Structure formats: structure tokens, C-alpha cells
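My questions all concern the structure below.
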Amino acid sequence: METPDQICHRLLARFPSAEISVLQNPGPAAQHSLLVGPASVREVAEFLRDDPLLRLDFCSNVTGVDWPDKVVVDVTKSTVPDPAGGPPKVTEQKTEHTQPGYLEVVYHLYSVALRHGPVIIRTRTANRTDAVTLPSLTPVWRAAEFQEREVFDLFGVVFSGHPDLRRILMWDGYKDHPMRRDYVEPEDYEWEPTPHGDLVDKSKRAHAPKPAGGPTP
Amino acid sequence: MSLTGDSPLFPSGGAHVRAVNDEFHGDLLEVSMGPHHPSTHGVFRMIVTLDGERIVKLKPVLGYLHRNHEKIGEGTSYLASMPYTDRLDYLNAMTNNWAYALSVERLGGLAVPERAEYLRIILAELSRLQNHVCLAGFLLQDTGASGTPLMYAFRERETILDLFESLSGSRMMCNYQRFGGCRVDASPEWLGQVSTLVDGFGAFLDEFEQLITGNEILMSRTQGIGVLKAADAVAAGITGPLLRAAGVGYDIRKVDGYGLYNRFNFRVPLGAHGDTYDRYMVRILEMRESITILQQALRDIPTGPIMDPKAKLRGFRPKPGESYGRIEGPKGEIGFYLISDGSANPYRYRVRPPSFVNLTVLEDLCLGHTIADSVVILGSIDIVLGEVDR
Amino acid sequence: MLGSGLLQGLAVTAKNFVGSFHDPKRLTTVEYPEKRTVLPEAYRNFPFLVSEKAEDPMGTLRCVACQICEKECPPQCIYIEKSKDKKPDATGKMQIYPAVFLIDSSVCMNCQICVEVCPFDAIKMDQVFEIATQERFHALLLDREQLAKPNSYFHSIRPSEAAEVDGRLAAERKVAEEKAKAAALAKAAAQAKPVAPKTEPAPGAASPKPQNPA
């Protein structure tokens, strides 16, 4: 089977204006994936399914991943020559900026006809708040139907072109998206105080990292 | 209530609803089957729209057993998630454990010694035997054979569960595989007990088949019911015996060749028609192939260590990266997708559940059949709600 | 002939029915609670703490409150508080002991990870499953006194595992003793180096120092 780099070359040859790149996967598993922009993911998927060399007719797994906003600290060093003639002064300037987070959908594709795989493609939304729409790949592989509904339900990614996009695991009137990293459980859900809750709290406090400096009260 | 798509339950417009709904033809009846139902294999709900007794529309409603297992996985360490994987497909703890261990071993670059691989294969095939025999029993129970084949099947299943208990300590929640091998070594007495079971299982299958396979009532209730075509099955992501009964010869044990399966000589039974009877027969034949695999494994199992010496029990922190590992579980392809950020807990922990994806075709299989057939078709798809809802 | 499949099935049912009167394989029901099945040695249910001696369960607990089981438990059902003082354990060594050790057995899922990670063989899995209580939560919260069971009990439920543990602990203790003896001998040899004979200390003087040979 072709490597992800070869597949990427062929895809770019076929769709020159698409945003497709290979995302290296560090670590021993070495399952590299193709990062595809949302505008071109539908045609890339159809190409991968119909191409005679690949024939990826089986979409095995559709996963959603939540990458929250990240605060990145940039350190810029500047050298200022000393007017008095001594060694130049090196000053560090730290600027913080927030890298916006996004929601990512990962598709694992296999081929039943040619018995190879996996080829992994990923798409990302623009941010986590309002631009959360991605094209649905259910018209290409029906296997994505229930799994995309689950990503919609648990992460909040809206799939345009999905035949029946509604919640699947949570009930229909539910408001939040449980698998997001910043999910907070609702206040009003049925909860019965048990000794276990106390145990977990006490245990967490016992294993929490001790605050540095100062004697413990 | 309106059946033409105004209700929030059917936003897609109910494409299969009969256009005529007049005095002569009568109303369409909507029945909610479940979640408390003896035949839905767990807390599973189907909203079935009936024209007399024929099904015109079927929508599965899931989520009654949703425990957000994936979020629990993000909050616990890799080792502590292992007992939780037992509870996914709670009939086949051994294969769930293996799929998770395979994925983590790929993530962390761990090697599994040979004896551990043979033990894993023995336990996975035993798990396949007890799952298929459980399914055969429940399928016949659903057709109305009120308990007799079920109890005969469970008599054999009990011997297998006793074997699991004497090895791992628990009948179903085994928590047996570890990253880099197995937790406890199997004694020669235990292997002897497996050998006795395997030698007697063929005779049990012969008696079971004599009991039920040629039964005219079963044949008329399952042949031609719920036909699944091969192309539809592949497009819908179906795996496992459901796919093979449709005629597609895709068995991950042969395709991926994980865990020394390449050394074993076994056939993969395929169905010709894709109906419920084929699904039942494919499982019976798979049981016979599992017996062959078990006999070869018991003959060839080497001595040696059962854990990778580099594997750590506590404080396992794989390098950042991701991996997807899948095995041919008794219900289909069970896979685990893990993203590691270098810490003790996974960043993203995803289970690819076979029963969940296999339910995609439930509606298509049931359309046009009677409501009694829907129970039989659901039984032949073989779902376990622990896996569907996680 | 139509119906031959049915008749063959009925023959199997008849064989099982008649066989259940004389063949133990065909009749597998065990009339619990009058008769019980024999559980395998590996069967596990809820954990218990091992004390070396039955006469003094609290004083001879193997547990040193390292809190590793508390951290590794998946549903976090263990809560441990270390003691402030040290008490001699079964071998006479001064050890911290757990002042509070609670397991919520309504949450425990019998996964046995606490047993696997314990470095001191202090917590093991019990086999008692008839533990139903009248009250829902607090009666199932087991404390140190309820959890501690003697090593003889451990031998009675899991003979081969207990023998292996005892053998290993005895071997470790022996190695530790030998090391301590060798260290004491080396220390004594270092102190017994030939020195000049000590003079009588003058009354009221400070402690005499050994005089080095000049």
C-alpha cells in the first residue's frame, strides 16, 4: 500500500487547490495521517473510495477530538549594543497570545476489496464556538452515519449534508456536549450523597500536589 | 401525532411512510419497543411504525446505558482503564482487554512474548465460543423456543466461564490482559481442562445442531428474513459474522494477522444469502473453526515468560503519539483509538464498538417484515448494549 | 419427510430429559444454599488486609500506608490516613501504619489492581460474597477492623498463593538480616582497629578519646 506521502502527492496532483498535508505521528505506532481542509474533504473522500489503487471502501472509525485554546508564550531575544562600548545587552521579551482551539474529526479507512489500510484522514473546524460545521462523509461511507451523530452529540460538530443529524446517546433536549474538555456536569442531575463522594474528595486532597513554600497549617 | 415528519422524533421526514392514510387502509400504528423489553438484548428502544403487522419505519433509540466511558478513560490511567474495558461488551471481556492492550502496546512500543500471544489466542477463541453459543441460545429464545436450546447452550457456556474463573478470578469481568502480556500464567492443569472442553465441544455442537438446525419452524422463521447484500454491508461499515453472512470474506484475523494468527490454519465461513438463517449458521461454523484453532494452540503453546520485561505496571507514560488497534472480536471489529500527550492518562480514548456500527442497517433489514421478525433480526445482529452505548 | 427436523429435535430433548435422572452432566443445578459449588482458588471478590498474627490484628498489619493502592484504584474507593507515630510491626521494625483505612465495597469493582500494585503483600482479595447488609451505603463502607484478617485465613482460602507470598517474604527478610549482620560486622571491624591502651579518665574530665599512636 502507498505511504501517506505518496497518497498526499497524488491527491495534490488531482486537487491542486486543496489543503492537504501529512501529519507525522510521533511515537512507535507510526500511523501518520492526512490533514485535509474542510472545503476539500468530501471530494478527497470520494477519490480515496473510488481510486483503483486504494479502493478504501470501508470507513471503520470516526472519532472526534477536542483541542482547547492554548496560551502560547513567545520569547523574543533582542540584543542592544551598549552605547558605552561594553558587551551588548540581551533583553528577553515575553508576549502571550492565545492559539484558538478547534474540534477535530478523524476517520480511519480500510479497504475490504484490496485488504489494506489504515489510511487516516483528519479535518478540523475553525474554532470551538461558532464555526463548528464540517461536511459530512455519510454520503461517501454510510458507516459514518451513526458515528458522526455521536460526534455531533458529544462534541458539537455540525455535519452539513448528514441525512439525520440529531443526538444519539444523550436525550433530545440535552443542551451541552459531554465529551468536551471544559464540560461541567449540570447542577440539577439526580445525585444521592454517598460515603464514596466523601472518600473521593478526601483522597483527592491527600494526593493533590502540596503548595510550595510555607509551613502547612 | 403526525407521522409525516413534523414530530421531533422523525426530522428526516419519514421517507418510508405510506403516502395513503385513509379510512380504507387504516392508520399506521407506532409502537415503542423497549427500553424495558425481554428481547431487545439490553436497554434498547426501537420506535416501530406498523402498517398492520408490517414494518414501514424503524428508528433505534440508543443511549440508555451511556456511561461516558470515553471521558472516564481520559480521567484514569492506562492501567486503571483495563477493568473498565471488561464492561464494554460484557460478555467478551477477554477480547475487549486484548483490543485495548494491543492499542496501548502499539502506542508504547511494547513487545509481547510468544507464550502470552498463544494464551491470548486461546482465551479469545474460548470467548468466541461462549459468545456464539450465547447468541445461538438467545436467538432461538427470541423465535419462541422458550428456553430449551438456551439452557443447553448455557450449560456449555458455564464450563467456559468456569475456566475463565479459575484462571483470572472472575467469570466475566476478567481484567486479564496487561500491556506487554498477560497477568497470570496458565498452569498445565488449566490447559488440560481446556483440552477436555475442546475435545467435547464438537459433540455438543453436533447435538445442538441436531436439536435445532434442521427444525422446520426455525427455517421458516429465519430463511429469507432480513437479507443484507454484500455491497450494502461494506458501505455501512458492518463487520464480524454479520458481514461474513452477507458473503464478504473479511476477517481481521486473516487480514491484519495480529498476534500470531498467521501461524494457524483455519477457514472463514461465509454465507450465501445474507439472511438470518445464514447469520446463525455462520456462527455455528465459526464455532467449529474456533475448536480447530484451539486444538492447534494447545498443541503448540511454548513455555516461557508471559510479560514483556520492559513493561511497567505503574507509572506507564507512553510517548506522545496516537495509535489505532483493532481485533476481530466475536461481534465484529473492536478497536481502540488512543492519543497520548505523554502523561499518565490518555488525551483521547475512543472505543470503536462493533454493535453500534452494525445497528446502522437495522432499519433496512426490518422494513417490510413483520414485527415478530424484527425481534429475530435484532437477535441475529448480536448487540450488547454495554458496547453500543459505552 | 416434513417434520423430520422437529422429530430429531424432540429426540435430543428426550435424551436430555431421561439423562437428567442419572447423568450428572445433564443435570447441572446445584441446590444453593444447602449445597454449594466449590470455588476455584483464584476466585476474587472484595479485598481484605492481611495481618500476620490473629491475636493482634491491628498491630501486625502488613500495610504501611504507602497509599499506592489508593492512587491506582480505578473507582477510587480506598481512603487511607497515615499514622503520625511509628509502631513496631510483626518483625519488630518501626513502621508507619494506617490510622484510617476505608474501602467502600458498594463501589469496589473487584478488579484486583490494588493487590497487583501493593509492594508489601498487605492487601489481598477475599472470596466471601454473602455480604448483604440491611442498610444501603454506610454498612458497606468497611473500615480497618472489618477489613483485617489474619494470614492463617489467607492460607485457608488461597493456599498456593499464600505459601508463595510467605516464602518470598521470608527470603526477603533473610536477605535483609544477612545484610544487617554483614553491615554490623563491618562496623565492628572498623571500630576494633588496634589503638593505644586507653588511660583512666581523670575524675570530672570529658569522655576519653582513643589516643592514636603517634
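To keep things simple, chains are lettered A, B and C as they appear, and every chain counts its residues starting from 1.
Here, contacts are C-beta pairs under 8 Å (C-beta built on N, C-alpha and C of every residue); 3 or more make two chains touch, one makes a residue touch a chain.
Everything numeric here is computed off the predicted structure, so don't read it as measured data.
Chain nearest the geometric middle of the protein is B, using mean C-alpha positions. Greatest centre-to-centre distance from chain A is found for C, with centres as Cα means. Two chains share more touching C-beta pairs than any other pair, namely A-B. Our note on geometry: chain A versus chain C, Cα centroid distance of 44 Å, whole angstroms. Here the spacing of chain A and chain B, counted between their Cα centres, is 28 Å. Between the Cα centres of chain B and chain C there is a gap of 37 Å.
In chain C, there is no position where the chain touches two or more neighbouring chains simultaneously.
Within the complex formed with chain B, the chain A residues making contact are 25-29, 31, 57-61, 63, 65, 106, 108, 112, 115, 118, 120, 141-147, 150, 154, 163-164, 166-172, 178-179, 183. Those residues of chain B that touch chain A in the shared complex are 8-9, 11-12, 62-63, 66, 68, 70-71, 106-109, 232, 234-239, 248, 250, 255, 318-324, 326, 333, 335, 337, 339-340, 347-348, 350, 352, 356-357, 359-360, 389. Here chain B touches chain C in the complex through residues 76-77, 79-84, 148, 152, 155, 158, 162, 165-170, 173, 175, 183-184, 207, 210-219, 313-314, going by the rule given at the top. Residues of chain C touching chain A in their complex: 67, 70-71, 75-81, 102, 104, 106-107, 137-138, 141.
Against chain B, in their complex, chain C makes its touches with residues 2-6, 8-9, 11-13, 16, 28, 39-44, 68, 72-74, 109-113, 116-117, 125.
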